[in-house]
Structures are given as C-alpha cells and as structure tokens.
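Please find the structures below.
After this come two complexes, each holding chain A, first together with chain B and then together with chain C.
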Partner chain A sequence: MSDRVRMTGWALLLLIFAAVPAFISSARWIDFLELTLFVAVLGQGWNILGGYGGQYSFGNAVFFGTGAYIQALLQYKLGIGPWAAMWFAVAGTVVVGAFIGYLSFRYGLRGSYFALITLAFSEAFLVLSRSLKSLTEGGRGVQLPLNQDPAQALAAFQFNFSDPFLRSYGFYYTILIILIVACALTWWMERSRFGAQLVAVRENEEAAEALGISAFRVKMGAICLAAAISAMAGIYYVQKFLYIEPGIAYGTGKSVEALFAPIIGGLGTVAGPLLGSFFIHGIGEIAKETLGRAMGDRPGIDLILFGSILILVLAFLPRGLAGLLESVCKRIGGGRDA
Partner chain B sequence: MLEVRNVSKSFGGLQAVSNASLVVERGCIVSLIGPNGAGKTTLFALISGFLKPDAGNIGFDGTPISGLRPHQICRLGLVRTFQVVQPFVNLSVRENIAVGAHTRIAGRREALEKAADVAALTGMEKMLDQPAGALTIAGRKRLELARALATEPKLLLLDEVMAGLNATEVRELIGVVRDIRNAGVTILLIEHVMQAVMKLSDYTYVLNQGEMIARGTPEEVTCAPEVVEAYLGHGAAARIAIAGEADGV
Partner chain C sequence: MELFGLSIPLYGWQTVLGSAISGVFLGSIYALVALGLTLIYGVLHIINFAHGALLMLAMYGVYFLWRYFGIDPYLAMLVIVPAGFFFGYGLQRYVIGWASHGKDEIILLVTLGIAIVIENGALFFFTATERSVRVPYDLDGIDLGVTYAVYPELAALAGSLLITGGLWLFMTRTDTGKAIRAVARERQGARLVGINVDHIFAVTFGIGVACVAAAASLLVPTYPVHPQIGSLFVLIAFTVVVLGGMGSFVGALIGGLLIGVTEQLGRLYLGESLGLITVSLIFILVLLFRPNGLFGQKTGQGSS
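Moving on to the complex of A and B:
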C-alpha cells in the first residue's frame, strides 16, 4: 500500500472513532470500545520493542503498572494534580525501562532470556508493590478520592461528576487520544532513521553492528519508548477507575494482553495492535453473547477461544491481520497501487 | 591507512591467527589469500572489532582501533562484508542499503535516495524493490558490497564477494570493485577466485595456519614456493607454477 492510501485509511478511521458519540450511546459498547483501545495502546507499547525491535518481552505489565502506580501515588501521597503527575508517571516509567534495558542489553540477553528477565522484573515489582506497604498501601491498593465538584472535572481528570457528555465519553476520548499519540509515535518511528536501525537490529544484529549501528543504543531507545507508551495506558487506567492494586498493575494479565494484540494484528505494523485488539475483544464479546448463552455461564470458554485464534493466526497468517489486509487491498487495488 | 601489528587470536586450543602483521596503503587494493581455515576471516573480524585480539595492535588512520566496537569502527570509516552473507531478509534491497546509508545520513528520504545511487554503482538498480530474501547468491553478494559501500567507508574489507559467482558475474564484479577504488575507497579483500586477485591487487598477503607466510605483488606471491606448498602440500610447487601460466595469469 502506498503512503497515500494508508493516510486516507487512517484519516477515515480517525473520523469514525471521533464521531462515535454520534451513533453509540450504550454505556456497555463505550466500555467495550475503551477496553479495546486500551489494549491497543498496551499492544503498541509491546509492538515497538517486540514487533519492530524483535525483543519479545513477557513482562510489559512492569511498565503499565509503574505508570499507574506513580500516577496514583503522586496524587494520593503528595496531593499533586493528575495533569502534573502524568509527566512524572511517564518519566519514571522510562527510567525503569532504561534500567531493565541496560541490564538486559548490556549483557546481550536476547530471545527467551530477554523474555524471562522482563517476566522476572514484573514479578519482582508485583512482590515489592505488595510488601512495601508504607509506600504502596500493599495488597489493599491505592484508592483515589472522588472529586465531586463538577466545575473541577477537567482539572481533576475525573468525569464522574461532570456534564453528561464528559461523563459518558470523557474517558473514551482520553484513551482515543492516547492511542493516537501512540500510533503517531510509531508512524514517525517507522519513517525515521531510528526505526530503520531498530528493524535492522531485529533482522540481524551482527550485520547491523557492522553497518555502524549500536544495537545497544537502538534497543535502549526502543525500550524507553515502549515504557512511555505503556505508562500512558497506566495513567488512563488510574484516572478512569481511581484505583490500582498490585495484581492489576503487575499481574501477568496485562503482559499477555500486550503481546496478544500485536501478534494477532500484525507485528511491526502501526495498525497491528489496534486490529488485533478489535479482533480479540470483538470475538470475546460475540463468544460471551452466543456461546455463553448457549452453554451457560462457563468461565474460561473465552480463553479457549483466544488460544485457538492465536494458534490459527500463527499457523496461517504469519504477518497477522495487517498482512492479510494489505494483500487484500493489493488484490483489489490491482496495478493501480504503485 | 591500516596497520595490523603482530596480532594473535586463539579459540580455545586453536591458534587461528598468530603474530600476523599487514599494512594497507591509502588508495590501494590489497588482497589476503590463503587456504581454507587459514584464519583470513578471523583476521577481518579482529580488524573490524567483532573479535578482540589476544595480542597485538591495530591502527586505522593513525588511531588505535583494537578494543572499539564494530559500529564505532564503521563510523570511523572502516567497514567489512560477511563471507556468509547476512542480508536483512524481510527488507527490500533499497531498505537494506539505506540502513548502511543511515550511518552518515539522518534523513530517511535522503538515505533511500542514496541507496538508489549506491545500487546503481553496484549493478543492483533493477532489484531495488525486491525483498533481499528473494535474491540469488550473486545478488546477495552484491548487496553485501552495496550496503557496506553506502556507509561511505574509507577502507572496505571484502570477504570473498566473488565466491559462488559464475565467470560473467565475476568479471562484472571485478569492474565494480575497481570503480569503487577509483572513486577513492581503499580496499582489502579476501578472495579464493585467483582471477580476481591477479587482476585487482596492487599487493597481496598470504596467510597459512594463522601465520603470514608471504607478501608481495600477486605475481611474486603466487610463484613463491612456500605459498604453493601451503595450498597443495609439500613438493607441489613446481607443478603449480606451470598450471598458473597455463591459466593465463
């Protein structure tokens, strides 16, 4: 696909997403969309490092969780406003990313070793957030106070007591904007020297080094960017639910969601995480509606379904849904798309 | 331009390079030959920073480079190609070469333009949009060369870029290498294709079992009895001298 076709596609998609309140008012469907976009952001964070950089992390929850905890604790402990806390949440998470990256990449950990060390870090943070009670409130979690002044809804980054439009769609637009930022960063990266060097390192680290690329520096850049994007998802989560606890923050759930979406949607593509997230959660909803109803409420049935989809995609769509979409577009476009 | 002084490297008990020295003057094409397993590729890896020498010094343009990382050495203007080609298989030829171009060029568009220019120099202009994974062995060898050239090196180390090519391809590539030298790039090449060695080299070094056993013009070197014996075993010197002449070299 040429850049112009892609741009048009993205512009259309953006228009549709921005206009959602015009045709969707059911709270349940807005929740569904929010969850889907949220997972797409987590997925984009993973995609930067895993999809473009070939460094498969199994512990991206460490970034989501750290972003969320910093966002929550700065407000809870120090009374800092949410809009100021945000910057510290992103910056603090980037520091954690740089630390993990330094330890892993300095010593040349790749492949399953890198996956294991990221998993180890997210587990360590899980334990720490449970045990450092004076800092994190331990397993009880951090509950942020509700702000009931409608005039301060925006300042407090809480929409429960604001006007009806913000109450219904405030967090939908929040996560949409975060996703736009994440995709724009990825789009920019794909067209930059940094992105080209990151892909070169994924393809063949030795050859990349021979051509003047410091694989270490490039991977450090990628893990910091990944951390920043995942932290933004954490910020959204805390502001929406006004609550964070160790299991939500650092449990493997977020790490798995973060890697499912881009793998199914298409590794190393801007649209992959969004496509994958829609696919997974769309199927999940349908499964709940149909299978769930037919077979009664049996927990775990959606997991079986996700697992089967993952296997099918890995077997038949090596380039994910984005790759499928591209070849379909090519076939339709024929020779036009030079 | 390049000075390798008494460099040694062993892998466990195997002495791959021992006390080897070599000098490359600016503007020359110097070749490094020797039988299989002589340590030629190992010496390239030592020069380009992929391996650290156990002993000895390597200087490039007057600065010591042993101990630097490959990417740092590349930025100084010394780049190697790989005997076992290492293309970025999922990228197009253009994108492959652009990765090299990015060493000196920050802008994406400029790097892609530079890639097209370099492709033209190396005879790859028709393959620009092919995925590197679809190239023939000859194409891959050229891509190694093109990618390295795109980094704008002062000194280019070519490790058997002619191996596996047919006679026509070899002849073409000899022309390409000569053009690169004429454009001001100094070249050190490892080659088993003697036709290329004879036609291109200003000076030749011979490595055998890790030791530099001879050096001189290609004609001098190929006639030296110790070289012939290194290749074909004791007593073969006389026969080979005749075979060399029959070959038209």
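Moving on to the complex of A and C:
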C-alpha cells in the first residue's frame, strides 16, 4: 500500500519534470532547475556512501572533478568524441574511488579519520591538477572548442547552436536523465542484498562482520557507486560549460554542496537529496532576490542560510525533510484509519 | 606568500639551510593554529571544522581593533583572547552541544555548518577585500646569514613556544586542567566524581578558541585578512594535529615545525605549486600508517 503510494508519487514527479518545457520557458527558471537537479545528483553520490553506508566523506569533489577532467581532457587532448569519453570518465572515476576506498577501508579509517582522508585526497588532486601543467593545463583550466554546426549538435553533445528546443532544454533533460539514473541505482541498491548489508555495516560494523558480511567489500562497492554517480555530474558540467579548472573541480565547494542536500533532505533515502536540493536552493534563490538585493547583491547570503539550515536540521530533524514528510503522512494516514 | 624570497636556483647548503629556517618560522605559525585544534580533539574527540573560520574571525577582530582604535596587533591579544574564550565557550555549550545530541558524526557536521556560516558571514559583511595591518616594525628583523627573519616571524615562533608551555602548565598544575584531563580520559568516571562534563567541554572549546585568537594576533602583522584566510591554514592544521598525535601539545609543536620545514623544502625542490603536494602526501600517509601520530598515545585518547 505504502509502496504503491510511493511509486505513484515518483511517477507523478517524473511526469511533472518531463513536462517542464510545457509550462516553463524562462531561461532563468530552467537554469535554476538545472542547478537544483545537478546538486541532487552530487547529493545522491554522497548519500550512497554517507547516508546508506555511514561513511561521511568531506571530499566528494574528487569524484566530480575527476569525472569532469577525464571528460574534458579526452576530448581536448585526444579528440575523442563526448559520447565515447563519457564511459571512460565514469570508469576512470570508479578506479579513483576504488583506490581511495581501498586505502581508507583497508586501514580501517572511520568517522573523523575517513572525513579527513577524503579531504586530504581532494586537496592532493587540487594541487596536482594545478601543477601538472602538461597534463591538465594547470590553473588556466581546459577550454573545449565550441561546436557551431547545428547538424553536429547532438554528436558534439553541445546544444548552443542546435534547434531552439534543444538549445533551451537540452541540458535540462541531460541532467534530468542523469538524476533518474542516479535515483534508479539508489532505489535498486536500497532493495538489494548489497544495500541491506551496507545499512547493516552503518548501524554496527562489528555485528555485521559477525554475521559474515565483509564490511570492506560492502564499503568498496558503495564508494565505487558513489564515484560513478558523482562522475556523471562532472560530465554534465563539462558539456554544459565547456570548461573546467582545478578550483571548480577539486575545491571544497563541490564537496560541501554534495553533503548539504542529502543531510537536509534525509540521509539514506532515495528522495532525500532531491528534496534537500530543492529546499535549500529555493530558499537560497529567495534570499538572494530579497535580502541579497537589498544589500547590493553581495555574495554569501545563501550560504549563510544553508549553514544555518544544516545546523537546525541536525538539531531538530535527525531524519531530514523526508523523515518529517513521512511522519506527517503517517499521522494523516493514521487519522483516516481511526 | 613571497615572504622569504627563496627562488635562488643554486641549491648550496646555505639555500637549503635558509629554506629550512624559514620553514621553522612558517611551521611555528602552523603549530600555533594547530594547538587549539589538538586540545579540542584530545578532550571532545571531535575535529573542529570551524577552526579556520574562527581564526579568520579573530584576525578580523585584531584588524578592526587596529583600524578603529589604533591598538597594536600584539596588544590586541589582551582583548581578543578573552573574547575568543567566551565565544568558544558559548559556541560549544549553546550551539554544538545543543545541536549534536552528543553524537560524534553530527558534531563534525555541526562544526562544518558553523564554518560555512562564519566564512560567508564575513564575505557578506566585510566583503572579499584583502585588508592588511601595517606596523612600523614589520620589515625590521635580524640577519641570520642564510636568511633574514623579520620581528613578526620571531614573535610567532616565541609565541608558539610560550603558548605550548603555558598550556602544558595549565593542564598539569591547575584544578581546571586536571578536570579537563580527567574528562578526556574517562567521561563517565569524571561525571561520577562530580565534574560538570558539559561545563568542562565548553571550557576546553573556549581555551581552544582563545589559542586560535592568540594565533590571530601573531599572524595579522604578516598575513592579509580576508574571508578565505582560515581555509589556507586549516587543512595544514589538520595535518599537523594528525602528525603530532591528536591531543598532544608537544606533538602539535613538533608536527607544525616538521610540516613547515617540509613545505619549504618541497617548494624549493618541486616548485611553488607542486611543492604543496608534500603536505597532502604526509597527511595521507600518516592517516593510513600512523593514525595516532608520531607522539599520540596508542589508545587514541591522548591528552597532554
């Protein structure tokens, strides 16, 4: 029953998202939606490892950045097409995820130590991408050539010179499809044996081990899946902006953005990252329009709010907005039954 | 920072020694920032992600005292250190303790939230403009033969030694210090013998922030103040704390000096930008192979 309600809800939501071009034409609002869905994808990547696995990463930028850099460099240096580069971007990032995971989990780093080592790896990648100029073009960044031939728009995965519909909505649908893939993967994981083992490891690693679950293997699986999802966000970013540089790729900004959405939305739930992303960016947008504008368009107001909301959610809503929604639904449902 | 001007291509022993000496000065600054962090970790067992943001806030405090009241940055310590203590006390008792329900992972995220609020608050109210304090003596110093040390660098080195010594005395000689060590060792037991654990947690956090405020006074004459200045130090401070053993003051001092020297030598041999990789590498290697650090106790419960 509750499952059927949930599926209907998802189907309805999908329908609304797919039909967005029918009722939203303002480029500004499409940009807002794209940003929100992009952060939800980053958040879903964090949620797999942090929400379901209980391993709080403070350096998920390393996955986003590596995906973005591979996607950009394969096109820029080797002239490989974007649709082929994509697979290498995801696979390469999974290798990086496996490498970081192997070192961290093999040596049993948990809690604060895991947070610190992920932070250290993203910092190391930041320094390397700035320094290895012959490989990454250094701090200047990688600028991909703009495709100006409308006939090649799809092949080039660039919509700036395509027909009006794709020009306005091409990247919106790109990030929507990526989010659907990310949520489907998470949904599948939640129901699988692997997902159940991951949650068991989060709740009590020793007990899970005693039941014959290999915590190491389960966490490795989670970090690889998290890397793959975050890499997809990187691919979208590079194709949309045709540019990547070390600060955007590996700066702490993306790592922080990735953890806001799932924590506020609801840890370890499929819908949490999307819910959280909509909530904070909705509020951020309103704050920028009102308070920010009144103060002369100064930056920072949205992040002040995000930080405060994070603290308040941690204090009052341990299960995030999704948990709140669920208990409200239950209360209404319970009332009907009585 | 082009403070030390060591881009001489001849790597004779003078160059290397000069580089190592400036590494010691740089390292003493890292040690200063790391001292408060290691104290907080030793007692509360949490990584305070807001540490860099608090450093930045204290640096703004020192800057404004100088700008509007003409107070010398070193004298400003008399105001900024007590202010830091009370701010830290309140932060732990009424925000971190309140919001985290005592769960370690949640504390981590709460301090991250505080860091984001403070950093962007500074960006919003003070803007991204770099502000510098000019003191009449900031370029005077002593010629050490292989390098030149300005007084602010010497003051930072002396300050880090004094603060380490002072903290050690405080922790071993005073009742509050003993209570802090008791709480660090055994929370439940401390509570049973009548120690107010929540109060001690807040006092510890307050002292940690007071340390970072003292560091701010010593940093302002050499570093410009802007909202991002804290994040420049915080990652290195984490490295220092882990290297020295979480909770160990002497470890933080030696760890800071080691990191400073390594960074300077790394820059000398690998170049300005790639040289920084040495710090990240040390961080990763220590976390993997010696998570209790060089001087931390095996139990991971180190105090002083």
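Assume the second predicted complex is superposed on the first by the 332 of 338 C-alpha atoms of A that agree within 3 Å, B and C clash if a C-alpha of one lies under 4 Å from a C-alpha of the other, contacts with A are read in each partner's own complex, and residues count from 1 in each chain.
In the analysis below, a residue touches a chain if its C-beta (ideal position, glycine included) is under 8 Å from a C-beta of that chain, and two chains touch if they have at least 3 such contacts.
These figures come from a predicted structure and were not determined experimentally.
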Room on chain A for both chain B and chain C (clash or fit): fit
Contacts of A:306 with chain B and chain C, given as first, second, both or neither: second
Partner chain(s) touched by A:327 [first = chain B, second = chain C, both, neither]: neither
Partner chain in contact with A:103 - chain B first, chain C second, else both or neither: second
Touched partner set for A:213, first chain B, second chain C, both or neither: first
Touching partner for A:2 - first (chain B), second (chain C), both, neither: neither
Vertex chain A angle, Cα centres of chain C and chain B, expressed to the nearest 10 degrees: 80
Which superposed partner A:111 touches (first chain B, second chain C, both, neither): second
Chain B versus chain C as contact partner of A:25, first or second or both or neither: neither
Least C-alpha distance (whole Å) that remains between chain C and chain B when both complexes are overlaid: 12
Shared chain A surface residues [contacts with chain B and with chain C]: none
Chain A-facing residues of chain B, complex: 48, 50, 69-72, 74-75, 79-82, 86-91, 95, 98-100, 102-103, 105-108, 111, 147-148, 151
Complex interface listing, chain C residues touching chain A: 45-47, 49, 95, 98-101, 104-106, 108-110, 112-117, 119-124, 127-128, 231, 235, 238-239, 242, 271, 273-274, 276-277, 280-281, 283-284, 287-289, 291
Chain A - residues contacting chain B, complex: 191-193, 196-197, 199-200, 203-204, 206-215
Sites on chain A touched by chain C in the complex: 54, 56, 58, 103-104, 107, 109, 111-113, 115-117, 119-121, 123-124, 127-128, 130-132, 138-139, 252, 256, 259, 263, 295, 298-301, 303-304, 306-308, 310-312, 314-315, 318
